[in-house]
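Each of the next two complexes has chain A plus one more chain, namely chain B in the first and chain C in the second.
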Partner chain A sequence: MNVNFFIPTLFAVVFAPLILGIINRTKAFFGGRCGQPLLQLYYDLFKLLRKGATYSKTTTYIFRLGPMVGLVCALLATTLVPFGSQRPFISFSGDILLFAYLLGLMRFFTVIAALDTGSSFEGMGAAREVHFSALAEVAFFLGLISLVKITSFASFSEIYSTSFANLWDMKSIEMILIGSSFLIVLLTENARIPVDDPNTHLELTMIHEVMVLDHSGPDFAFILYGSALKLWVLGSVFVQTFWPIRSGCVYLDVLFAFLSMIVLGVIIGIVESTMARLRLLRVPQLLVAGAALSTVALVLTMR
Partner chain B sequence: MEQLINIMMVVILLTNLLLLGSSRLGTCIPALGFQGILLGLMLPVLLLSPEGISIHTLILVLISIPLRGLLFPWILFRIVKKTNIRREIEPFISYPVSIFLGMLALVLAFWMSSRLAGTPIPSLHPLMLPVAFYTILVGLILIVSRKLAINQVLGYIVLENGMYVLGIAFAGEVHLLLELGVLMDVFVAVFVMSIAIYRISREFSHIDVNQLQNLKD
Partner chain C sequence: MNLHSLSLRNSQSCSYKDVPVVSIEELKGTIVSCVQEGKRLLAFFAQSTGEKEMQLYAVLGNDKLGTLSLLSAKVENSYPSITDQCAQAHWFEREIAENWGISPKNHPWLKPIRFIPSYREGQDAWNRSKENILPCVGDYYQVQGEEIHEVAVGPVHAGVIEPGHFRFQCHGEWVYHLEISLGYQHRGIEKELKGGPTKRTLPYMETMAGDTSIGHSHAYLQMLESLANCQVSQRAQALRGIALELERLANHTGDLGALANDVGFLPTANYCGRIRGDFLNMSALLCGSRFGRNFLKPGGVAFDLEDSRIKEFQTKLENAKKDVTVAAELLLDSPSVLARFEDTGVVSKETARELGLVGVAARASGLSQDIRKDYPFGIFSSFSIPVAIYKKGDVFARAYVRWIEIQNSIAFIQSMLISMPKGKTQMPLSSLAPDKIVVSLTEGWRGEICHVAKTDEKGQFSWYKVCDPSFHNWMGLSMALRNQQISDFPLCNKSFNLSYCGHDL
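== the complex of A and B ==
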């Protein structure tokens, strides 16, 4: 058995919280602050894992199940996405659908765990999350369909195979459109700034944070880690689409992909520092625009 | 060169989507001007490859780019300033829905041009017909879905831009006089409409076409 297949998962598992640290440091730099340590999320995770969890009396087993299922889904998703030119652990024709639905299942469990608390505040967040991600999924799927149409493969490892970089010469417009639409999906799905502000707590405008307010201790650690993994996998899909550089050597490609993930963290940080959060009513418009970009790409590939 | 034209075509598609999805006139009007400049540059870029640019095309470009790219936006910005209306709050069709309609129109435009592909039409570029149809459809959507008179002028200009692309797609280099005549017509139309909007806004203190059906003594 080739150990290399575990490289994408290993990188995701080890380095996913680092990207959030990089985003935070970039934001701190723009704000003229020192910022929290790069490894802050690791410290937070260890701290939370050592604590005990508190459960409200109104909650049922679904509330306890939510974070675990979410983490497992995110971990499974990391085994599907290639990193650099390294093939992932699991790869079959149609695994892009499994990937999208794993993220969907993760969201579903976060949402029903939030509804299970019986708090109207969390219900509101759940409603928003479902509303926005339903629109984001359209953009994501249309982008994936155009990728499948361009490469005529339906699995991540074959789509992003060594010849993918050549596509940029022939189909650069389509790739730019798909990439931009993936960026919008990435920011939406991970509750980053134009859609949701990860720093606001207890505000009536927040979406993702509000759903996880009642989780504590190890459960909250699972949720934080799961969302870091989600950012990592969606980010690596985006990075692979947007700047796929293939050197020929697998390890160099992996190293390059890792560097591009760090660049992606800086980019997200810059977006967050320079943009204001959109008004809630304007968010669907952004997502529909993302779907429209994917549609343009799809129609261009179909002709 | 091929890639450059492709990019220009796609950018025209995207400016159309922007026009459909943006409520602020401060975004829409520059987007329209940008589209006009791209349209003006299209003909010389298309004709560059076979045999240099004729004096014909040069005159047309020198007139159409300042007209579409600078004069129309300037006139529209003047109306915005005079009427003091910066954005449309509640159109007949909301913005996400109009982007969605725009997506349907895009598919329709590509379908229509694929139907035409069999007929012997001398088309300079495969993307020209769909872009032309799409721009016309977007102009129509803008005209019927917006309440503000200024947005309808905007839709009219977009519609006319689509006609222009369609003209290039079918006939290539149209006769100079004919093209200049069309440009003149559009210019006069926009000019008259802007004066009319200004008058309406002075008389009724709004430019909502929905309310224009009520007669006033």
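== the complex of A and C ==
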């Protein structure tokens, strides 16, 4: 068995928290601050893993299940996405659906774990999360369908195969549209500005953060790590689509992909540093715009 | 209608005998008609007469003429509520009911505002026993319906701020009503001030609302000086004015940063936090305390500003001005920020007037009221500052008014530093005149600060009443939230940035 198949998963597992460090450092740079250490999330994770967890009496096993299922889903998702031109561990026709629904399952368990607490805050966050991701899913799927239509493959590793870079010469408009749509999905799904503010301490405005307020200790570490993995996999889908650099050497491609991920972290940091968050009421409009971009791409592929 | 009221100026001491005592019906009639004419109810409170009867005092202000009218009426345990015809009285009447057990009959929403036992033993407006008084426990205004849900926030807040309880009646993301319940910060300051002034009085004033040290102590000291008939030198007045405006600058800058932070706009959020510190350090340069504590003293100020320090001050101010201009313009020119600020938390001019809002919140709704111009005090009697008004009444308006005031205050301090008046910094203060009553007003950074006090035959305070701007404005926040999204609450709240301890006293 070729150990290279584990490279995408290995990179995700090891480097996912680093991207958040890069985002934070970029934001700190724009704010004129030194910022937290690049590896802060790693420290946090180790700290949380050593702690005990507190459970409210009103919660059931669902509440404890949520973080674990979430982490497992995110880990499975990392085995589906290629990194650079390196094929992932699992690959079959239609794995893009499995990928989308693994993330869906992760969200579902985060949401019911939040509802399980019975807190009005968490209920509010859960309602917002499902509302927005239902719309984000449309944009994501239309983008994927366009990619399938362009490449006539339905598996990530086939879609992003070595010839993918050539698509940019022939179908650049479609690729730009799909890439932009994926960026909107990426920011929404990972609770970044302009959709959500990961730094806020105000429960009433939170979306994702408010749902995990009651989790503590290792559970919270699972959630943080799961979110970092989610950012990594969605980010690598975006990066593969937008900068499909293919040198011919697998290891060089992997290195390029890794550098692209760091650039992505910087870009997210710049977006967060230069614009305010959208009014909650406007978020669906942004997501519909994302869906519209994908739709236009799809229409263009039908020519 | 001024026939049966005592007309006086800001911090002018008058003989207590001249305060007219009218019937409660006439008091109500006067308040209602004066407010309809455009005057404002600055303070309305009860005090004990030592007998079974209680005395109600009302202070009305004519912003155009800069005159105050004072009148009073005697009541026992209840009287017809004024709120049904004059909404400005609603919070005052709740305070009266709570403090003295006097029930305003037909008050539309008679609830305690601080959840404290009555000052009169065994006389409670709700017949509660002392042990049963728990903060914020009681009925809340409720909206009924299938899909209505109630969200309770506080008293412990996510940020490191003061405690207060908020109840939202929501339909999905929409807020139909917000009820605010305070009282956690009650320390009983007004009770302690009785029998003063003592050594503790000034520190009490400075910590009444910790971010308004200069505002409150200025109001107290100008009252004291009026009672002792002490003329404070122009130089001391100028230094007091500089301290007051520095307090405004620091807080307004901090608020702009906090507003930016609440919409996730990092550049201004980060820079304003630092620039606020620069302004606080200028206060420290002035007197050694970043919050201006121990600077204002009876008869003047504790420290002078020598020429060498004026130079240093000017350089620091010039630098801070450059920085704050960049930060504020970046904030107010960014489309993504404007999309959040505009049309969020609108308080119409009519609502603002009816509720009697004061300060930044009132000016942002288009009401031209500023104590520095309407009832000039201290240095502002000889040096006027333009009133910053914006008409829209939304979060943007409140941010924009703050930005204009920052510019005005910097310009004021700069011109003061160029031509500092000469004179001694502190004058000796004689004992206070007996049997006098004074209304003292200042414009703190949040808005109008009103202190009313009466001296007894020995020249000590027989009572001392404080009305912080937050007391007027909390209901404004409630109104701003109507038909808004609940996720915009933190933003609206920050745009008012009211004091909990200033309200709770």
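In this section, the second predicted complex is superposed on the first by the 302 of 303 C-alpha atoms of A that agree within 3 Å, B and C clash if a C-alpha of one lies under 4 Å from a C-alpha of the other, contacts with A are read in each partner's own complex, and residues count from 1 in each chain.
As a convention for this text, a contact is a pair of C-beta atoms (placed from the backbone, for glycine too) under 8 Å apart; a residue touches a chain by one contact, two chains touch by 3 or more.
Quick caveat: nothing in here was measured; it's all calculated off a predicted structure.
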Partner chain in contact with A:296 - chain B first, chain C second, else both or neither: first
Touch count on chain A, higher of chain B and chain C: C
Touched partner set for A:27, first chain B, second chain C, both or neither: second
Chain B versus chain C as contact partner of A:124, first or second or both or neither: second
Which of chain B and chain C A:279 touches, first, second, both or neither: second
Touched partner set for A:36, first chain B, second chain C, both or neither: neither
Partner chain in contact with A:197 - chain B first, chain C second, else both or neither: second
Contacts of A:216 with chain B and chain C, given as first, second, both or neither: neither
Partner chain(s) touched by A:173 [first = chain B, second = chain C, both, neither]: first
Doubly contacted chain A residues - partners chain C and chain B: none
Interface residues, chain A side, partner chain B - complex: 172-173, 177, 284-285, 288-289, 291-293, 295-296, 299-300, 302-303
For the chain A and chain C complex, residues of the former touching the latter: 27, 30-33, 120-121, 124, 127-128, 193-194, 197, 199-205, 272-282
Touch list for chain C against partner chain A, complex: 149-153, 158-159, 172-173, 260, 262-267, 269-271, 274, 334, 336-337, 339-340, 344, 485-491
Chain A partner contacts - residues on chain B that touch it in the complex: 3, 6-7, 10, 13-14, 17, 21, 95-96, 99-100, 102-103, 106-107, 110, 114, 126-127, 130
